[in-house]
Every structure is written in C-alpha cells, then in structure tokens.
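Read through the structures below before going on.
One chain, subunit A, links the two complexes that follow: it is found with subunit B in the first and with subunit C in the second.
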Partner chain A sequence: MKRSRRQFLKVASLSVLGLSTQLATGGIVNAAETGEQYQATENGLHAGRWAMVIDTRAFETPEDFAACINACHKAHNVPHIPNKQEVKWLWTDKYEHVFPEQENNHMSEALEKRDFLLLCNHCENPPCVRVCPTKATYKRADGIVAMDYHRCIGCRFCMAGCPYGARSFNFGNPRDYIDMAEINPEFPTRMRGVVEKCNFCVERLAKGLMPACVEAAEGKIFFGDLTDPESEVRKVLAENFTIRRKPAVGTQPGVYYII
Partner chain B sequence: MYNTKYVLLGLIVFLGLFTSPFWANLGSASYERPKLALPADQKECIESAEYMRAEHMQLLNVWRDEALREGKRSYVASNGKVWTISLQNTCMKCHTNKAEFCDKCHNSNSVNPYCWDCHVEPKGNQ
Partner chain C sequence: MIEKVLKGSPKFYVWIAFLGAIIGLGAFTYLFQMKYGLAITGMSRDVSWGFYIAQFTYLVGVAASAVMLVLPAYFHHYKKFKKMIIFGEFMAIGAVLMCMLFIMADLGQPQRALNVMLHPTPNSVMFYDMMVLMGYLVLNAVIGWVTLECERHDVAPPKWIKPMIYLSIIWAFSIHTVTAFLYSGLPGRHYFLTAIMAARFLSSAFCAGPSILLLLLFVVRKVTDFNPGKEAVQTLTKIITYAMAINVFFFLLEVFTALYSGIPGHAHPLSYLFAGHDGHAAWITGFMWVGAILALLSLALLIPPSLRDNENLLPWSLAILVLATWIDKGLGLIIGGFTPNVFETVTVYTPTVPELLISLGIFGVGALVVSILWKIALDVKKEAGTL
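Let's look at the complex of A and B:
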C-alpha cells in the first residue's frame, strides 16, 4: 500500500494527540489520588504563624538553661562536640552578642551579666531559605523554617546567610559524639556533610506536644500562634516589653525576648 | 562485500564476546529471591506485599516530602487504614530485623541506600 505524505501526517498527528491526552488525564487522576492519601495528623497542633516568647528575667541559674538545652539535644540526638566544630540547636550568649545593635551605655548589671537562650529564629523572611540552592531549607506555611537533610549538599550558603549563627555544619560523623545506646530512637541523627539547626519541634507539634524546650522551661518560655489574638504568646507580648534580635536586617524573627 | 571472510569472522568473535555473560552463566543456578525475615506478629503491611516490593522506594520518597514539606504525617492506605508517616516509628516498628529484611534484598540486588547514615536502626537488630 502506498501512502502519501499527507496521509502519514494525519495518522501520526492523531496518534500523538491520543497518546498525550491519555498521559495528561492519567497524570491528573494520579495527582487527585495523592491528595486524599496524605493528611495532617488528627491530634497535631496547627497555627497560622508559630512564635516563641522567652522570658529572660525568669532564667536565673545555669540549671534553668541546662534543663532546656538538655531536653532539646536529647530529643533531637544533637551531638556534644567539645571544640569549634560544635553543633548548636539551643545555646546561650551574653547581651552584647545577642543584641549587638541594641546596646546602651551604662546598662544595668543584671542585664549585662544575664545569659540569653538562643535558637533558630524561624524568620518571616529567612535568608537561609533564599540562598539554599537545593531547597533543602524551606519555610512551611505555619512559619517554621524547616530542613530536609536528604537534600542538603553541605554548601553552607545558609550558614553565611543566617545573621544569627543558628546553623551548624557537621564536619565529621556526628554519631562519633553521640552515645548510640542513649539515643532517642524516635528521631534520626544527622550525617557528615549536612547543616543542621533547631526545627521548632515540628515532629512534636504533629503529635500534639509542645516543643521540648518549652516543656522543660516550665513556664519560662511561651509558645503559640501569633495570628490568633487569644493565644498565650499574643497575651504575653501585649503585657511585656519584648525585643527581637537584629531588627535592622529585616528578617522578622519569630522568637521574642522579654527583657 | 570485500573481505567477507574476515568481516564474518570478526562479527562472530564480536557476537561471542558480547554475549559471553550469558554463556558464562548458562549452567549456574538462576537468581532466587532471598528469604526475608517477616514480622512474626503481623499479617499485612500497609499495602500489598507485591506493591511494597516494587514501590517502597517511591512510597518512601513521597512520604518524606508530604511529611516534611506539606506537614501531612498521616497516610491513608488503600484499605482505609491510617498510618503515621515515619520510617523509624512505623516501618521499623514491625520490620525490626533490618539485617534479615532490608539488607538481605538490597545486598543481593547490589543497591546501597544510605537511610541508616541518619535514621536509627531498630534495637531488635543489635
């Protein structure tokens, strides 16, 4: 049978059209299926914008800080590395380092000597998210700046981008510094070559629990939804004078400090 | 065709070499699926065994993205049962024997997933 070019083109274009419609509709059906398969946990906590208020006046002894830091580091299998390659999720520093733009002459001795609890600020405009080339760091709809360690390539742009030094790089295998017998078996560790930081306890919020440090602080740290006018954090913010770290860089941190 | 003798000879040698893996393995036993240690107290996985065998890697990939990025940590299986999305706290709670379950099949198929660089192996394995 002899075919003209015209006939061939007709048959070929019709077959392409048929194949592509099949593929397209198949894709739509698949997307609809995954939409129902995955749901938020029933007892999880949800918010428009998670935020934390730390009452720095209530933290007096080193034990007050240690309780929070230990709770956090134990829950997330954070290694204790006793040198400059340390990994920090929750740590402390002095006023002049925490609020370098907000120093004043002749400050009260109490303020100068006070330690401040530091963590990832879960910014409204997080520079770490903007510079991450692999989207390993991303901002969730509820304001939590989270990390997918599977995607982290260890480029450390986020560490350069973060104005708060809230990110740590795993120079070596962190498991060398974790007692694997004492580990929290419900949470992973990290591996060599990834950056890590505080995650606002997303895995605990999904189970309906408050963050580990909030629980361990016994009322010295407040945590809640900033978009809800009735929430505890909003009430605490309304009643107290609070500041945030480095306001001039415009990151809009989600961690507030009562001074 | 010029040099038919040499060309044909060369073709035969090439074909022989190219198919040599088949000849070398002709007599040996065929691949057998490794015998895996299945959870003793559980009858069924979240989906059918056939589906899990073929698709568990894709499923875990979607699980990770849905849980971490979308905040959706519940998986509704095709039979309607709801599972918590977690490798460590859901999968490995039943499949406690990593060496006789994960590793055995991965080893015989020469794949080296790096799950356990970060995720914690179940205690039942040690």
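Let's look at the complex of A and C:
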C-alpha cells in the first residue's frame, strides 16, 4: 500500500513536471513565432536616429500650440484629467521651467513670455530605460524610446528617473476621462496603473506618416534622421542656434529647440 | 515549533486580535485602491512616489539593522549579544515582509509584479533590490529557525549555518546599499543624487533599527521573564549612539555641500523642506524642524554615559531617536526628492487617509509576524531554560 502510493506520487509529480515544462517552453516557442509575423510596411519611414527640432520663434499664438497638442492627444487617446494626477504627452511651459539652470538675467520680453513645447526627449542615454525593472520601456534602434503598456507594472521608477518630467502615470482609469465616442480606434487606450508618454508617433512613422504634432505644426517643427547629413533636421541644426534641455545630465535628448 | 503560537495567554490573543483588526482595516481600505487605483493616494504626476515607498525605505533599514547584533557576536565573538540575536533576525523577517507589502501596495499593476523576474533586467537597480530582499528573507528565516530549533534540542547548530551567518552579515549591508542606489543613481533629482546616500542609509538604519529592537525588547522584558542583559543593552546603546552621531554628521555634510556650493538645484530641496516655498511653510516644514531638534536631543541624551546608562531615561531617548530618523527617512527623503520637481516648481504632496490606513495595515502585518515569531522564540527559550 505504502509503496504504491509512493509510486503514484512519483508518476504524478513527473507528469505534472513534464506537462508544465511543455507548456512553459511551448509558450516561449509560440511567442517567438508570433514575433516574426510582424513585418514593417513597405512605405514606412526609417531612420538611424529620429530627432525633432522645434522652432520656438514660430509659435506665436495659443492656437499654434493647441493645434499640435490636440493632434497628439487625439491621435493617442490621451485622457484630459483636470487635477495633479493628469496625463500629458505634449504640453507647454515657460523658459525658466523648461530650461531650469539655463535661465539668464534680463532676457528679452518675448523670450520670457514665450511658451515652449514639452515632450519626451527620446534620449540617447535614457535613464527611464536604465531603471525600468521589466524592460517595459525600451530604446529602439532608431532612437525612439518606446513603451509596452502590457508589461509595465506601474512601479513609476521611470518617472523618478526621467529628468524631464515627460512621463505620466494612470493613477485612475484613463477611459473615464476620454470621450469613448471620439477615440482614435487606430491607437490603444490605456488601462489604470501603467505609465505612458510621447512615442514620437512610432505607429504613424511605420505607416509613412510624420508625427501628428509635426504635421499639425505646419513647418514649425522639423523631424527627421539625425544620422543623415542631408536631412532637414541636420540642415536646420546647422543653420540655427539650438539648445536642449538639461545638458548637464548627459542624456543627449533627441529634441532640439531653436531659441 | 509553530505549535507554540497555539498556547498563549489571553493577553497575547487580545493583542493578536487587535493586530487582526488593524490588518482588516488596511485590507478593507486596499479594496478601494484595487477599485480606484492609486488615484486614492496623494501622489501626483510630479510627486510620483510617496508614503509607501518611504516606509519601504525605512523598513529596509530596520531589516538590515539585525546585523548590528550578528556582526559583534560572530566577527568579534561578543557573546552577550547571542541571547538577543534571534529577536533581531525575527524582527528582520517582519521588516522585509513589510517592505515587500509596501512595494506591492505601491504598484499600479500589482498582479504583474513577477514581471521583474520573468523579464530580468540587470541594468535596473529594482531588479537587484527584489533579489537581495528575497535573499535576506530566506537567510534570516533559515538561520533564525535552525538556530532556534537547535537551542530547543540543546544541540550545537549545524556547521553549514556559520557560512550562512557570515553571508547574512554582508547581505545586510547590501540590501540597504542597493536601496540607496534606487535613489542615488537618478540624474534629475538633486536631493537623491548624492554619493553619500548609501552611507546615510546605513548609518540611520544602524541607529534606528536597534533602537526599535531595544524598545520592543523592553516591552517583552515587562510582560515575560526575558531579560536581554544589562551589559548587552548598554553595548547596543553605544552602537546606536555612534551610528546616530554618524547619521547626523552625514546629514550635515549634505547641508554643507548644498548650501556652501550655492548651486541652486542642490539647495532647493533643503530650503523647501525646512523653509517651505514662496514664503509659506509647507506642512513638512514643521516635521523637518521637529525631526532636526529631536535628532540633536537624542544625541544629547545618549552621548553622556550617565544619561545613556539611565534605564528609566533610555526608552525615551530611543523613542526620540526613532521618531527623528523616521521623519528624515520616512517623510523628508521622498518629499525632498520630488519637491521641487524637475521643472523647479512646487507640487505639494500630502498623504491621504486611505494611504495612511493601508500603511497602518501593513505595519499591522509586520507586528503580527514579529509577535508570532517572538512568541515562538520566547517559549522555546523558556522551555530550554535559556531565557
């Protein structure tokens, strides 16, 4: 009796082990298979390093900013949350807050009053990617810092790590703050408890479209490949004085500002 | 040995029931957080870590502090500590469990927590933090349980336990160093970005942790026949005093660098914590000043031998020390790190009532675990005649 029970347990535990191993490894194999099904579209845009140059002189009226911000937030179903737990991908602030420790005395009135667009800098050395414990945020080969909303555990280490305040956390359910009748079905809405931020419109680039804000800015924002000496961004950078946010922290932002 | 929990005095069970009520309250409040998310907390886009992470940080220190008993006992063969060690190890278990619960309470998607192991990311300090905390839990549980079991049977502990104990000594330093690295490697947070962070964490842990241990042991001494021994208490108090002096010294080093260099970003968090902003004191300002005064007061009460060895005064001195270090690390650290924010503007963070109730529940869990483990240790020691 004792022996047979022992034997039964042996067989049973081995079977469970075998089954679970098969399930586990099968999952890995299948994941690899599905990964290969994704193919870049033929007319997608590619770059060695995507970068953005914002001509801050060209933005004059609040409508200029609103056009870009609305285009972005609409394209990505960004909720409008009217409190400190807000979510924003693209927004504006004054010089002293955008470029702290770079401000000067007696600046021109125009510069002091000017608003500046803020977004994720898609850094060359992104601290958010460095600190993320699950690789939910990662850097693509083309320089875009992207996010996997389904892997994010919501620890917000990336928000502490980002020196630019580019990241937002969904403290509550973001869908409560989106007009579900108006959503863009091409881009997923997010769930509660994950971090999100600007993605340089990676989904539009894949389809051959420029980022939503670049399109809405009508020439006030330049976007292109930093590694291509013939690209528009390189020309604009060569011809204008530009600065980037917080150069001292060594992140090498991909967003440049013409002052 | 677990059966010892089943035989206790009515007072013990009243205490357990009381803790159960606190845990229940916390768990009930957590249901709201499960339903509405972290929106029920006072955290915001600008202050994205708050009370939970602060308590986690403080408790890692409490967990690590067990080493202040183990190190003298095993590296210096200071036998007087041997009697207390088991209580330090068991307190560390409670503290690590609370750390883990605070992390879970802080996650936006707690059901995905195991992604940290499923997708191991060696460039993230949080990955290492999870590993070292789990390792420390296992080390303390195994060491504590095995040595107690041997004490019960009046046999020498197995040989393999010694290397584990040595490992746990180094491990204790590592858990709090790694926790400090969570903060001190962040480029945009002036208050965190300091090479001395790990040293500050360790010094504050090595005074606060043993103080909490002693305070709890004084309670045990009152309700049971256990006595940690006069000399052991005095030695541990000396260690506490040195650690607190170093802790205060390290903090003053921070203050000097921040203020004398005159670099605005370095000075802003300190001026926010101690002076508020735009001419208004923040709610934290009062706490910070009280904390600073209590820190100095605790030193004044602990440094002179006549006051330090006064057994009636000692519990007060230690309680003052614990409060001072808690304000520094359990409140000021996180708030100073996130205020002013990366735009050099101020977003005020105030923990909400649900946040505090959930935290209270987690503290209740820790107290329950420590109560049960200590009860086992006390009963085993009583039986073995080693009380």
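As a convention for this text, the second predicted complex is superposed on the first by the 221 of 259 C-alpha atoms of A that agree within 3 Å, B and C clash if a C-alpha of one lies under 4 Å from a C-alpha of the other, contacts with A are read in each partner's own complex, and residues count from 1 in each chain.
The rule we apply is simple: a residue touches a chain if its C-beta (ideal position, glycine included) is under 8 Å from a C-beta of that chain, and two chains touch if they have at least 3 such contacts.
Note that the coordinates shown come from a computational prediction; the quantities given were computed from them, not determined experimentally.
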Message: Applying the document's definition of touch, where does A:130 land relative to subunit B and subunit C: first, second, both, or neither?
response: second
Message: Under the stated touch criterion, which partner chain does A:156 make contact with: subunit B (first), subunit C (second), both, or neither?
response: second
Query: Does the superposition put A:202 against subunit B (first), subunit C (second), both, or neither?
result: first
Task: For A:247, select first, second, both or neither according to whether it touches subunit B, subunit C, the two together, or no partner.
output: neither
Message: Quick check on the superposed pair: does A:44 touch subunit B, subunit C, both, or neither? Answer first, second, both or neither.
response: first
Task: Identify the partner contact of A:141: answer first if only subunit B is touched, second if only subunit C is, both if each is, neither if none is.
output: first
Task: Considering only touches as defined above, state whether A:169 meets subunit B (first), subunit C (second), both or neither.
output: second
- prompt: After lining up the shared chain so the two structures overlap, which partner does A:85 touch, if you call subunit B first and subunit C second: first, second, both or neither?
  reply: second
- request: Go through subunit A and flag every residue that touches subunit B in one model and subunit C in the other.
  value: none
Statement: In the complex, the residues of subunit A that touch subunit C are 83-88, 93, 96-98, 100-101, 127, 130-136, 151-157, 159-165, 168-173, 192-195, 246, 249-251
Message: For a test of understanding, state which residues of subunit A touch subunit B in their complex under the given definition.
response: 34, 36-42, 44, 77, 138, 140-142, 146, 148-150, 183, 185-191, 202, 206
Query: Given the complex with subunit A, which residues does subunit C contribute to the contact?
result: 36-39, 41, 43-46, 48-49, 103, 106-110, 112-113, 115-116, 118-119, 121, 123-127, 130, 182-183, 185-189, 192, 264-265, 337-338, 341-345, 347
Query: For subunit B, which residues are in contact with subunit A within the complex?
result: 62, 64-66, 68-76, 82, 84-85, 88-89, 114, 117-120, 122-123
